[in-house]
Amino acid sequence: MTLLSVENLVTSFKTSAGEVRAVDGVSIAVERGQTLGIVGESGCGKSVLSLSIMQLLAHPGRVVEGKVLLEGRNLLDLSARQMRAVRGREIAMIFQEPMTSLNPVHSIGYQITEAMRAHEPSLSAAELRNRAVAVLDRVRIPSAARRFDEYPHQLSGGMRQRVMIAMALACKPKLLIADEPTTALDVTVQAQILELLRELQAENGMGIILITHDLGVIAEMADRVSVMYAGRVVERSSSAELFDDPQHPYTLGLLGSIPRVDEEKDRLTAIEGAVPPPFAWPPGCRFAPRCPFSIEACTQAPPALREVAPDHAAACLEAPL
Amino acid sequence: MSATASAGPVTAPRRPSAFRMLMKDTGAAIALVFVVLIVLAAVFAPWLAPKDPYETDLMSIMSPPSADYWFGTDGQGRDIFARTLYGLQVTLFMGLTSLIIGGVLGALVGFLAAYYKRLDGLLMRFMDILLSFPAILFGLALAAIFGPGLTSVIIALSIATIPLMARIVRGAAVVVMGLDYIEAARAVGMTDKRIMLRHLAPNCLSPIFVFATLRLGQVILLGSALSFLGLGAQPPVAELGAMASQGRNFLFIAPHISVVPSIAIFAVVLAFNVLGDALRDALDPRLRI
Amino acid sequence: MAKYALQRLALAIPVLLGVLLVGFFLMQVVPTDPAIIRAGPQATQDVVEAIREELGLNKPLWQQFGLYMWRLFQGDLGVSIINNVAVTQELGDTIGPTLELMVASLFWSIPLGILMGTLAAYWRGSLIDRGIMAISVAGVSVPVFFIGLLMIWLLGFQWQLLPFTGRGGPLWTMDGIMAIILPALTLGGVFVGPVARMTRTAVVDMLSADHVRTARAKGLNEFLVVLRHALRNALIPVITLIGLQIGFLLGGAVVTETIFSWPGVGRLAVGAILSSDFPMAQGTIIVLSLGFILINLAVDLLYAVLDPRVRLS
Amino acid sequence: MTHLLEVVDIAKHYPSGKGAVKAVDGVSFTLERGETLALVGESGCGKSTTARLVLRLIERSRGTVRFNGEDITALSPGALRRFRRNAQIIFQDPYASLNPRLRVGEAIMEPMEVHGIGTPAERRKRMEELLGLVGLAPYHAARYPHEFSGGQRQRIGIARALAVQPELVVCDEPVSALDVSIQAQVVNLLKDLQARFGLSFLFIAHDLAVVKHMADRIAVMYLGRIVEVAQTNELFANPRHPYTRALLAAIPHPDPARRGHVKPLGGDLPSPLNPPPGCHFHTRCPFATEICRSQDPVATGGAHSVACHHADTLPPMGAAYEGHISEAARRRLARYAEASAARSLAG
Amino acid sequence: QQQPRNQITIMREIDSDRYDPHRTTALAGGEVLTMLSDTLVSMDFDMRTIRPGLAERWEVSPDGKTYTFHLRRDVTFCDGRALTADDVVYSINRWIGRTTPRVVSPVAWRAGNVKEVRAVDPYTVEYELNEPFGELLSQLTQFFGSIVDRATVERLGDNFGVQGFNGTGPYCWASWTPRSELVLTRHPTYRWGPPVLQNRGPAHVERVVWRVIPEAAARVAALQAGQADITQYIPEAFWDGMRRVPTLRTSNQENYFWDVFMGFKVDKPVVSDLAIRRAAHMAVDRVGLARAIWSGHATPARNIVNPNALDYDAQSDAMVPNYDPAAARRTLDEAGWRMGPDGVRVKDGQRATFLMYAINNLANQRAAEIIQQGLRQVGIEMRVQLFDATVAWGRLATQEFDAYILSYPYISATDALSLYWHSRNRPSPNRMNWNDPQTDAWLEEARRGLTPEARATATANIQRRLAEQAPWLTLARNQLTVFATQRVEGARAHGLYGIGIYRGLDLRVVR
């Protein structure tokens, strides 16, 4: 059974400018031991999607449609209490900003044990400590026992992100959602964290949803990829397939926009214009106004995500290109 | 840095003006109207007051509100309505004067401290020292030195406002100073004066505005408390705090003498506070204190 | 931490000096010659001169300041012009009741304010929030004396529930407790509003902070999230702001003491100023400032205790 | 012929509680006219500080900066103002780099006004030209910054920098805060402008791919010092400093075929407050020996200079990354580029 | 909450600056001093009859110049020492400024023109005057004549009556927190109370707490709530209401002479003008004032002397100008005071403005504002400066002001007049600077008072002269009512020098 599948999820925000569907009919799926990469530019709804899965949306946000099935169980049907038991225990999450995602006033040991205590209240203090030190060790924090009592501000950014990962792993979740876990870090540290995630996945066999806007990270980590644009998935395939055979014009645009180390080019192929804000999303294909291939029909109705090659879907009338 | 920053809209709808945002908040709109009314009432007190605020009617002492005396009369048979109007004038004058004196000086210090880092330590340490004296102590000290009176109160409140305004302005200005457009202005070779006047100050106005509105309420509260203690405006001057103080002797037989001016102070301060809160929400939600 | 504490202390020193200097100059600029006052209206010139000599008023200013500091150091703030009692003794008698009153007011107002602020923040935008915030803004707008007068009028006079005519005795006696209720309600009453507002702001900030999202993602229940992750962190700014607001409280205390005939420093100060008892006025002002500085110092240290970023650096 | 810019052993130490933060600690480089020199390195290594020192936006602790042969660290206020016409800066954060209270047109005209360039009418005309140059329309001049997207603001910032017709433009991470698609637009714009006006860029970035695309030469910084300088291609083909190698090895390439090639470097960046003695990099360097712990390495090697005790004895790194891009992808990218160019001509 | 059974709390509005009978003249001092000490003779409730005190009997020589007092033999001070004639001699001498260090009592003249006070034996005192003084015995009943212990006086020096006290009164000094609370404890061996009281001693209650509660409202409520037992300081506005409260009892004194007045310094500009002074009389509505400030519980006044007092002259009453603003304006017009643009009259470049000082209390504050308004209506500006009671006396002794409001108690016309109008008593209490040899002569005559007729004539002459010259505007005659809770008995209003509770021996807790 699929570990997690999200079906036709719609999340909306009530704002002064009206209702905004930040995530608009998104479906994704992750298997055990697999990494799903979600890539897209800023504001396309990646974080809202992950928070919707966790049901951690802040006030004006609300899931209005769809299903979030964790091993077949629809999380949207759970009570608040049941959902709490899922969070941290079955699905864990790490965030982009290691600087602010840890509570500065509690020791990192406390913050890790807190997660364990929430799900296994029977553990004694000593057990909690041992397990926390063990998990800190696992994420390669040097002299973990000593670090246990330190506070976030005493750690470097990379260390903090490791602590975040340790916290997420404390209860051995089946699925880890990593929302841009390395964006705030330097390349050398990013490489460390990515390697760590890969190792841990190999050990635990957990599923990972890795959110990023860096195609390099996707190539490095993901087994399957969903490309998001303006609240929708526009292309979905295996990672290899995406780079070898990109089908959606937006994906092409992204690939063209990044300078490649291995290539001498005078000009990058940029995408014209900018991502429109959610309240200004056009009808029809949302990429149409920026798309060099757009035709009249693109602006009429949103194109469905359809298979254009085996196990490779794109939401474009023109596809396969 | 992440790539989050560019989510800005290409053609955002024009940000609604602060005034519009204010008017959307019913409470704030009422407060604004109320503040305007109060100011008008204070300014036009001589024309609005149905009676002379100092005229004593010995035939109706401490009479409760009636058609003749809308808010009743005080212990000397004076019309409380008229006195309240004049009291608003005195109270607002006291509040505004000290706010302006203290605010201008404080803002100057704040800007200088933020702009010239070398002065920062010295100036702000000095402000800290000033801040170590609660306003009431300035009030007490000045009353001790110059004797009780409105002038003492105004000076005290001005001094007490300086460090607060300096901190607010410095806080805002330091943030702005850290922004790239200041650096850009320097890189282009602008003079300090030009940078301060054209780039720094205009971008610190919101917090100054918000603070001033909220502070006005505080200043009025403090000033009327000092008058209530007998350290401020001296009778027979119609000052709201002093009026409340006089009336408290008859609290049990004629509560309106104290209650009316107290409510007037309350209403004025409440209006400024509600307005200040709304302004803050409209201008800069991060300023919440 | 120790270093931080020392730093704070060091910062307090210029402030302290400032206070003392102001205290000193207070006596310099008062329009009355302390010697003449001390000597009484009928004294002859040579008696006044003798007193000037005795008080060191003939010496140059800096020497007088030295003398003043030296006397201060020995706990000598001079004697009251009115009744010749040592100022320090009067202060000693009145400081207890003032502290009593302040503590009693903070004792209920801070917890209540924090509770109200937290509830309002948690249900931000709801009716509860609006209700609490309306109460708070009213609370910060109401003159202390208005609350006091209402308390006296209703609770004291109309319903005769509680006394309001001064201190009833030590706090461990029933009389003492009964007598402090109304003043403490009055003084605390003006503090609830500010605390609630500050708490709400801070907790709202914290509730949208990333680490609170992390806590929720761990599966913590809401109570723990709010208590340990939002409120706990929010306390840091709240404590600082409370420290700053203590000045406000001090002002309230002076008024409250006056209305309730509470034999504290505030009332002593007002009385001394009104009766031009300059040494006493000076003493009370110095003591009130010192108290304020000490409280802020304590707040700063508490701040450090609450915030490991400060504590451990 | 002198260099356009010559920086000699410049340093900036910020006093702090214990000791000094050595944000920049002895940096030297040159920049020629029309050239782009990139400064790369991890966060906090002193790139922005160097940029500010070059423009004398902050006062140096030591060293000299010569612009057209003139030592700008010794300029009088008046001379400094003249210098500012010739050297401008573009910032990273598009939101902070524009005064929200100034209309965009005013913001662009202001530098000209300050330097007394032209009449008001001429300035207005030039401003409109500049707007066109960076891809905006004249009617944008009357708008406020908040009405623009991040990419557009970055363009406005560029227009403002170009308003005084500088020879040198310091770009402090001008694209790091932008989305990839926008980043490409700005990078293209900068390259166009450089070609058109013969600008010299001191280009600061941490993204090696962008740097490779932009720069003629690259200087790699680590903890306040430059560890390696070389021509771009030379650096990528033959990185000689262990740190440069680690940086290159850590880049995730958009190429699943190369999956797992990333070789992380151990450890964290030490604090500039008390950098390790000797070679700053020795704490993380796999090749470090005793000498590295005690002695500062000196830069050697002329055009390709390296500051490493073991530069000559390091094992070869192996072939530089050779991309694999599928035929299908390459073809589609080309089609996209064509279609895109066609559209923009038409539109 | 309830008071301890053996304690009575008496409330008042202000505190005294000190409790030294020879250095204070404040009522706040006197009311406590009558409990702390005794006088040679005592005053009955009729305010005329002199009764024994420390002296069980006395003789007056035929020429009226020598008084011989025979002291009780059982009297002791609070510290246990027995009272002897030397103590009396010392105390009287201290009062009249004949001890070292010299104490200057502002009211030394009340002791008469003393030649010598001698101890004939330990229990006999001879009090010899240079001239007869008809009022001597009444004056000796006042607290200025209190007998104090020399040793304590000398030990405490300036702090006598501040940090401690030692007297022979029914209560002893326990502690004083200025402006807050003064505690007295029972003098356990006291049994020499004046015969005007039912209880001759010792006192029924163990502790008397004098509590200062500046807030009138607080005093009212405290009394109603039983937090305090007795007070005479209830603003008249509350009297009617309080009289209806079943838990309270009241005691009135009919023979009460306490007047509120405004005095003019007749040698200061503006107020030196008789027209101004007379106009002021006509501009102030004393009937309205009595109603407004004292809620009708004060008698509107004209003449200086209370009609019930000895030697009151009815004819001069008619000479005092009545309230008539129109007449006031006319008077001023005639005197050449022209209305200025700001509503204040001017004459010879002099604005009709004067400065008035008074003690800062509620009644003065209110009265001042009303008078100010009344004067303004006729074109006279009165500037007001109020002082805390503790400083006011000092300021009132200066020449800084032009007029002042004060109130004072007296026993008879002679008493009242000789206090304020003898040129010898300038600058204080003769703050009017009244310097008239004729008045002085009449005063001497009245004081000597060999026959009642001669005295009455002399005092009548003074009253008429003052009515004519209008240096003094009597604002109202106060009434005395002591309020007490049902818990206490024996709180009978006395009124000597305005003191409500005399000696306090009859006070008793009944519930």
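A, B, C, D and E are the chain letters, set down in written order, and residue numbers restart from 1 in every chain.
In this section, a residue touches a chain if its C-beta (ideal position, glycine included) is under 8 Å from a C-beta of that chain, and two chains touch if they have at least 3 such contacts.
Bear in mind the structure is a predicted one, so any value in this text is a computation, not a measurement.
Novice: Give me the fewest steps it takes to get from subunit C to subunit E if each step has to go to a chain it touches.
Specialist: 1
Novice: So which has more C-beta pairs touching, B-D or B-E?
Specialist: Top pair by contacting C-beta pairs is B-D.
Novice: What whole-Å value do you get for the distance between subunit A and subunit E if each is reduced to the mean of its CA atoms?
Specialist: Going by mean C-alpha positions, subunit A sits 91 Å from subunit E.
Novice: Taking the mean of the CA coordinates per chain, how far is subunit B from subunit D in Å?
Specialist: Chain centres of subunit B and subunit D, defined by C-alpha means, are spaced 48 Å apart.
Novice: At what distance in angstrom does the C-alpha mean of subunit D lie from that of subunit A?
Specialist: 30
Novice: Multi-chain contacts in subunit C: which residues touch at least two other chains?
Specialist: Residues 152, 157, 258-259, 274 of subunit C each touch two or more of the other chains.
Novice: Counting only residues that touch at least two other chains, what does the list for subunit D look like?
Specialist: Residue numbers touching two or more other chains: 149-152, 179-180, 182-183.
Novice: Going by the touch rule set out above, which residues of subunit E reach two or more other chains?
Specialist: 215, 217, 220-221, 360
Novice: Within the complex, which stretch of subunit B touches subunit E?
Specialist: 54-56, 58-59, 61-62, 75-78, 230, 234-236, 246, 248-253
Novice: Using the touch definition up top, name the residues of subunit E that touch subunit B in the complex.
Specialist: 215-217, 220-221, 235, 237-238, 241, 285, 288-289, 291-292, 295, 360, 362, 365-366, 368-370, 372-374, 376, 384, 386
Novice: Please name which positions on subunit E make contact with subunit C in the complex.
Specialist: 1, 11, 17-18, 104, 158-159, 162-163, 177-181, 211-215, 217-222, 224-225, 227-228, 360, 387-391, 394, 397-398
Novice: Mind pulling up the subunit B residues that touch subunit C in the complex?
Specialist: On the subunit B side, the touching residues are 125, 128-129, 131-137, 139-141, 143-145, 147-148, 217-218, 221-222, 224-225, 228-231, 241, 244-245, 248, 251-252, 255, 258-259, 262-263, 265-266, 269-270, 272-274, 277, 288-289.
Novice: In their complex, what parts of subunit D are in touch with subunit B?
Specialist: Within the complex, subunit D contacts subunit B at residues 52, 55, 57, 80-85, 87-89, 91-102, 107, 110-111, 114-115, 146-153, 157, 160-161, 164, 173, 176-180, 182-183.
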